[in-house]
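First chain written, first letter: the chains are A, B and C, and each begins at residue 1.
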């Protein structure tokens, strides 16, 4: 008995727990690809053999293709818009000190702390109250509100380590404010900006509620998928589509992370002491 | 080095809210001079340097650079260049691109630009490293890049903000020699900000010691070390034995005082001297006291007892108690003759030179708005 | 509120000092932040104001009657169907936030204290599942928990059960599990950040002064990481109360939450004022609940001496 309890103590409980936790995190997203290659219309074990036919059905699906196109337009617009707004805000809070800074930051970050449905409903109301037709444009406006906090987080972490003396050195060497921004600030933080573009694009690509409320007759991919979920027979096709989106998201996020870290290294190195 | 003033600072003050970083500072720095601003952190030396560069705007006063009132000019329009404490090497550019950064605005021909970059890199002994990225450089190399990048602009004044503080001791000493040589070679005004008194002493033509936003003294290294004006300046520049002395008499250029066991001493009278109460503070540097061995004789001797001993390799610091003195004396002996073997408690004799005493003025009270 | 304070700040400088102020750091900071701020003002603050306004109006057959009324709130608070939905939504979001924070804390602790040089990689691995499609993740849980799903077939093949368990899907438990999964990273990140800020020597000092590992954790680490725990709570609890997708997909009849009712008022039901009142009530209730949780947490931690 004592031997047993002694053994118990030697089990590294925390790493085991963390492993189980990660299994819990990853199990669901790993199942999608598994069933998307399964040669059966139902999603049960045991697997019925390998097939790529579900992916084949996607290619000829013009409605889905249109939704994908819509998602692309929305994703690109949202990522550009929210990154530009994120740059302004991140620059303001990392470079300057001003009264109301915390309040302004909290306000901009607020969408993170709100139920998405309420953001969606309120946007829907203001858009319709102003007589604007629901379209991809309204989706872009709405998703941008939602994406700015994420853009800002990514950009702040990139801007934070930025050594102010780099800009001062540039002025000192005769460069103007605009020239300094173009020749020093932008290149140094460029990876963070690209990282923000990728992250916000991914969020926009996967975002459902706002698109659901604001897209009118032009569905994005998640809205399209939502419509398909009612039909059990279409599930494998949706899984195939989901797998493609999943892979795209993971690739973009990985790239974003690599770039974010590159900025961090750069900016930290600039004032790293030997 | 000529007498022409390159930098003229007139009644410059700087407030941060209610905090006074610079308090009515006036000084003049000559063409080709190596000038140091020395003081503890927060004394205003960096603020003053950054005001010359244009990164801080003084609240009052004017700064003339080569005769031009410059406060209204932004940093990029001033004929000054700066070596930053962090070096601020652009991380996305290689060494040559860093050095060429400011030249790009001058629209030189590619050959001319290349030549100037090459010359600048030669000057700081970095030839051949032009293609290196910033993160591939050592601390000393970064420092050289920062120097080359500033000097390539051919500024009238080079500003150095604690440029050696990030280097380790050995490298720092090497760079000090190099910096001095470089300044002699290019012949322009260097203004160095440092909190390291040895660095200031070793490098400068003149030093301004600053406390609390004010200049306490401006003088050559030798004078500022040997003839500090106030107790604080004396203390900041090195060890000093302070004594309370009674004024015996006053002449035009001299004051004679009774320096306790040291007897009557004649001192150089500082400008504007006025003994408030007939008592003054006088000081003598530890190295001006000398141990006397067996048969050594000196015109001025004292006997005492070793209270403490600290071994520093090349020297030994001794604390010597003397009857009739409130404070024990500090002294520094080179370890040639066995000072490091003297036991605590040993009776010793020491010699002093009455001319080595210096009369110290009262420090002005620290003013903070 | 925030907007008013912000506006007042911008007005502060008096005319003679205006030029100096314009060049100042403060002016530049405000100018820089203003595009983003104005965007959020126009598309977040203003819409919320409109929702609040609508909640006091009445839907007539096709148009809106703009006379002030509390009728919508009366309906929202007294009709049993909405009351049940509120209670369930709050209960689920409270459960989800507690479960998420409790289960995530050790992971955040592990990354912060044992993550070594790969902390960033760990954090990245935590966030990846979170940033992939929400809809797909929920769907995946449906596959796992379903009648012929992964869980049931797995348990049968291990011989633990004879026939599939039906109680896994379509109830509030399924909603809780799915939401906990969705919000894991949102809990781990703030806790991790606050744990990173804990000065390690403080823990060593506690150990040096005689605390066991566990006691040092409860007396030093936990109280110092409380800000992270609180923001983790808020960032999970408030958004989950209005979750729409999860209850619809895995909640079944017993797992319906308030978002479904809100959505219905903007769809077929078409009673915007009622929908607005439901939204506002949801926000108020969840804010109160969150405040209560935060106070309880602070109180509990303060009790540890």
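Brief remarks on what is shown
Throughout what follows, a contact is a pair of C-beta atoms (placed from the backbone, for glycine too) under 8 Å apart; a residue touches a chain by one contact, two chains touch by 3 or more.
Everything quoted here is computed from the prediction, not taken from an experiment.
On a Cα centroid basis, the chain most remote from chain C in this structure is B. Taking the mean of each chain's C-alpha atoms as its centre, the chain lying closest to the overall protein C-alpha centroid is A. Ranked by number of C-beta pairs in contact, the top chain pair is A-C.
We define each chain's centre as the mean of its Cα atoms; on that basis chain B and chain C are separated by 58 Å. Centres computed as Cα averages put chain A at a distance of 17 Å from chain C.
Residues 163, 165-166, 168-176, 179, 183-184, 187-188, 265-267, 269-271, 273-274 of chain A are the ones that touch chain B when the two sit in their complex.
Against chain C, the residues of chain A that register as touching in their complex are 14-15, 17-18, 21-22, 24-29, 31-32, 35, 42-46, 85-86, 88-89, 91-93, 95-101, 103-104, 106-108, 110-119, 121-126, 129, 141-142, 144-145, 148, 152, 199, 202-203, 205-209, 213, 222, 225-226, 229, 238, 242, 245-246, 249-250, 253-254, 257, 261.
Interface residues of chain B facing chain A in the complex, by the touch rule stated above, are 53-55, 74-77, 80-82, 84-86, 88-92, 101-102, 104-106, 134-135, 138-140, 142, 149-150, 153, 166-168.
By the touch criterion stated above, chain C contacts chain A in their complex at residues 2-3, 5-6, 9-10, 12, 25-30, 32-37, 39-41, 43-48, 50-51, 54, 103-104, 106-107, 109-110, 114, 120, 124-129, 131-137, 139-141, 143-144, 146, 148-150, 153-154, 157, 181, 184, 234-235, 238-245, 249, 259, 262-263, 266, 272, 275-276, 279, 282-283, 286.
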